[in-house]
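Two complexes, one shared chain (subunit A), two partners (subunit B, subunit C).
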Partner chain A sequence: MGKLLKKSAANDFFRSLQKKGSLYAPVSTDMVRFQHIKTPEALRSIDFDGHAFFPPKKYLLPNEEELFTIKQGKLQDTNQSLPPQFVVNVRLCDLNAIAILDKLYLDPDYPDPYYKAKRDATTFIGINCKREIDEYCFCGSMDLQRAYDLLLDDRGEHYYIDVRSDKGMALVKELPDAPEQQDPTLPKTSKVLDQKDLHQFFADKWWEGDNELCVSCQRCTALCPTCFCFDVKDDMDLNLQDGKRLRTIDSCHSADFTTVAGDHTFRSSRLQRYRHRVMHKLQYYKDTFERSMCTGCGRCIRYCHSKIDFVKTINEDFK
Partner chain B sequence: MSTKKPRVAIHSITGCAGCQLTFYFIKDRLLDFLGAIDLVAAPMIKGKNDLDGKYDVCFVEGSVSSERDLEHLKKWREQSKILVALGTCATHANVQGIKNFREAKKVQEYVYGKEAKNMEGELKPVAPTPLDAHVKIDYKISGCPPEEVEILRFCKDYLMGLDPRIYNEPVCVECTKREIKCLLEDGKECMGPLIRGGCNALCPGVGHGCTGCHGPIPEGNIPQTITLLKANGIPLHLINQRMQKYAGLEFEKLGAAIKSEVESDE
Partner chain C sequence: MSNYFEHTPVEILAKTWESPDTVTFRVNWQPKHDPGQFIEISIPGVGESPISFCSWNPTYCEFNVRVVGNVTKAISKLEPGDTMHVRGPYGKGYPMDYFKNNHLLFIGGGCGVAPLKGIIEYVQHHRKHFKDVDLYFGYRSRDDILFKHLLEHWEKEFFLHVTIDKDAGDFHYSCPVGFVTQAVQEADIPPDNKIVFLCGPPVMMEKTMPLLLDKGFHEDQIWVSAERHMKCCTGKCGHCMINGKYVCKDGPVFRYDEIKGVTE
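Moving on, here comes the complex of A and B:
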């Protein structure tokens, strides 16, 4: 099902979302960042072209979130229902990333209530890439799906809005129908990851070159739209009666992360940790869920201090 | 934990006393903190101190830079169940440690003049070293000065009977989470990849490269970080100065291979 939105009226549409809840959108300054668009005036700053530095996963898995609070030694009720929020101009790689996170955090047997509360309150509205954003994108080779409620597709004067769910339809029902359904074409990229069985390339020697360049800064994992690992810690007041339990995003590149009780470290070298990230993204997740956990957004290469490019390494050296 | 309040001491050897001062600057929480512990010795702020009794926790700031420092440190170790190195002087010898990279006599002449006599006795200078070069240290909270929040977190963990966790990730982590534009990517100078965070990327957050005041992370990739800095046009001797200032001997150990390169650059 498709709807039409005049480009000149895009802000009116976003304004209608602002009236329903909080609006978040990319804004371009020294970088592109997803930001809260609080006022009607601020709608003008919304960016339609750039690829955000930090992925929109932050609206579901914040850097730090409160799981519960304790007052006078007693557990407080946590309010699990949140006001609606809309995240717009999300690229297809990041929309697919949300679908991957949903698979993990909304698992029917073990749904995560904190994630679920945020997910239920959030609608992601996509925008289609008409071209690859830069030389780091390789989503064209990552089997992306039309995994969204709504997606804006540039058709000259208009955006064609591809509607994929009732939740999406409820937001655009006032807009005119498109004369015919025309599925947006998925982006193509000149950078392509060759699909290989990485189990064959587990030995250290395949990873040594990239590992020498890695400084363990964890930018790759923080910025990956599907990296979801976390740490849990308690933050009590000095009276030891009041406090809160926090969940913070963490990284498999951290030595502390792989260290468990009794001071045992599963992956004690940087090489093991680097390899684990790439293997988990491209192979281990696929072994269980049939698709890769990577959506080809390119962030882990684009923002790596050393521009370590696992796509290049796998394509050219793993043979 | 027993209901008896822990006996805490805050002691000092060679340094600027800024670490202790940070302790007393945990402003709105200081009274809560003092209520939760028994501060038995803190010569900087107290007139009456228990200098010889047992301590549950003893915080020591400063580096071992004289014979007297060493004597004190050994005594405090004997007295304390838990000994905490507070600040980058205590964890890495910090600014005093720069002396280790210069000729001791020249340093002395520079400061005290050519005529000055050598100091003898307990004030006789020794090569500045971090505390763990001499005694076992249970926890290290680096920083020049350390962060209020880190000191506080340590104390709260301890009071709860937990094994306090010290944040151990490079500055880049907090920088990225705060969505700060990377200074290295911008062609500027920043020591972030080598330096322990915990500061919430204070300096990069205001557009200033990290100079390294928290000292090095345990497994920093020195050669690659130097490659990155050099690519941004930062001369080796400057990188070397930064590392000598806060990472001191550890840098010496880790970076031996590049030392000759640095010298030829100077």
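Moving on, here comes the complex of A and C:
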């Protein structure tokens, strides 16, 4: 189902969302970042062209979140109810990343209530890429799906809004219907990752070359839209009776990520940690969910301290 | 929606120091569980620790905790009458039905004996389902021996062999000095119709495995319990993952052929 939105009316549409809840959108400053668009005036600063430095996963998995309040040595529930929030101009790679996180965090055996509360309150509205943003994007090879409520597709004077859910439809029902349904063409990229069974290359020496350049800075995991590992710790006031139980974003690149009592660390070398990240992204998740956990957003290469490019290594060296 | 991070308060019925750094708590809690599963014990303000069930019976649960850091130290300060905060059970335990009519061989090192005690108690409650039971337990020193008060019963009911790495002294169970791996190596244990339960520190598991295979045990006769750093126990925090397997959800108990060759 498609709707039409005149480009000149895009801000009116975003204004309608602002009235329904909090609006978050990319804004170009020194770099493109998702920001809270609080006022009608701020709508003008919304960016339609860039690729956000930090992915929108932060609206579901903040860097730090309170699981419980601790009062007088007792855990107390924190309030999980959230007003509606709208995250707009999200690119297809990052929309697919949310679908990937949903599989893990809304797993029917143990749904994560903190994630679910945010997920239920949040609508992600996408914007289609007409062309790759830069030479690091390789989403074109990552089997991206139309995983969104709404996606704006640039059609000259108009945006064609591709509607994929009732949640999305409720927001655009006032807009005129598109004369015919025309599924947006998903982005193609000149960089592509050759799909290989990486289990076969687990012991390959080529990991070592990339690993030698890695400085364990953990940027790749922080910026990856599908990295989700966390730590849990209690942060206490000086009285040691009051405080909070926090969940904080963690990284499989950190040296003590797998340390257990007796000071035994299972992935004690950086090579093991580097390989684990890439294997998880490209192979392990796929073993269970039949799609890669990587969406080809390119951030972990684009912003890598040493510009390590696993796509290149896998394509050229893993034979 | 229920919150898997939320705890159930349970009353501590008894507390026994097994060794200078290891303490067993008995709590008034009757969750349905299989031997080999585990829980998280929480101390608000300090943190949480994953701890295995070390008992199996319908009226109470026991947990054996070794003091190694902040959380386990705080747990060890709890006393009978106090409330313990628990969440779980988690993970896949031992599929006990699958082992019916087999001889059972337990090989445990140090703290690894605690979860094995849970299986032993299950076997005691379902004695006619299983054949002979052999226990091979190794400890660093005499002081480190766990469940001393049970040795007498185990010795009557099963074949019991306890080893001590050093300094056996004049302990009643004249324990040979040396590693439990040596005892296993020297023992005459034909593999037919046997199931092995192996639990202990990583180095002990690594050393024991080739010995068992040498004796002709098949990989699918050996069950291991893996330990990993764990924060969520529900397949979300990523800490326990090895080679795509979540130890918290897919384990901690694995049949050896399922995780053999699984490398970090």
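We adopt the following convention: the second predicted complex is superposed on the first by the 314 of 319 C-alpha atoms of A that agree within 3 Å, B and C clash if a C-alpha of one lies under 4 Å from a C-alpha of the other, contacts with A are read in each partner's own complex, and residues count from 1 in each chain.
The rule is short, and it goes like this: a residue touches a chain if its C-beta (ideal position, glycine included) is under 8 Å from a C-beta of that chain, and two chains touch if they have at least 3 such contacts.
Note that the structure is a prediction, hence the values are computed from the model and not measured.
Counted by residues of subunit A touched, the larger count belongs to C, out of subunit B and subunit C.
Of the two partner chains, subunit C is the only one that A:H264 touches; subunit B does not reach it. In the superposition on chain A, A:Y59 makes contact with neither subunit B nor subunit C. By the touch criterion defined above, A:T288 lies against subunit C but remains apart from subunit B after alignment on the C-alpha atoms of chain A. In the superposition on chain A, contact of A:K233 is made with both subunit B and subunit C. With both structures placed on the common chain, the touch criterion links A:I249 to subunit B but leaves subunit C unconnected.
Once the two complexes are overlaid on the shared chain, A:E212 sits against subunit B while remaining clear of subunit C. Within subunit A, the residues touching subunit B in one complex and subunit C in the other are 233-234, 236, 240. Taken in their complex, subunit A has these residues touching subunit B: 30-31, 33, 53-54, 63, 212-219, 222-223, 233-240, 249, 251, 254-256, 270, 303, 305-306.
Within the complex, the subunit A residues that touch subunit C are 67-68, 70, 73-75, 77, 104-105, 107, 109-113, 116, 202, 228-234, 236, 240-241, 243, 245, 250, 252, 257-262, 264, 266-267, 272, 276, 279-280, 283-285, 287-288. By the touch criterion given at the top, residues 29, 32-33, 35-36, 152-153, 155-156, 159-160, 165, 168-170, 172-173, 176-177, 179, 181-182, 184-185, 192-194, 217-221, 223-225, 228 of subunit B touch subunit A in their complex.
Considering their complex, residues 1-7, 42, 44-48, 66, 68-69, 72, 85, 201-202, 227-229, 231-232, 234-239, 241-244, 249, 263-264 of subunit C touch subunit A.
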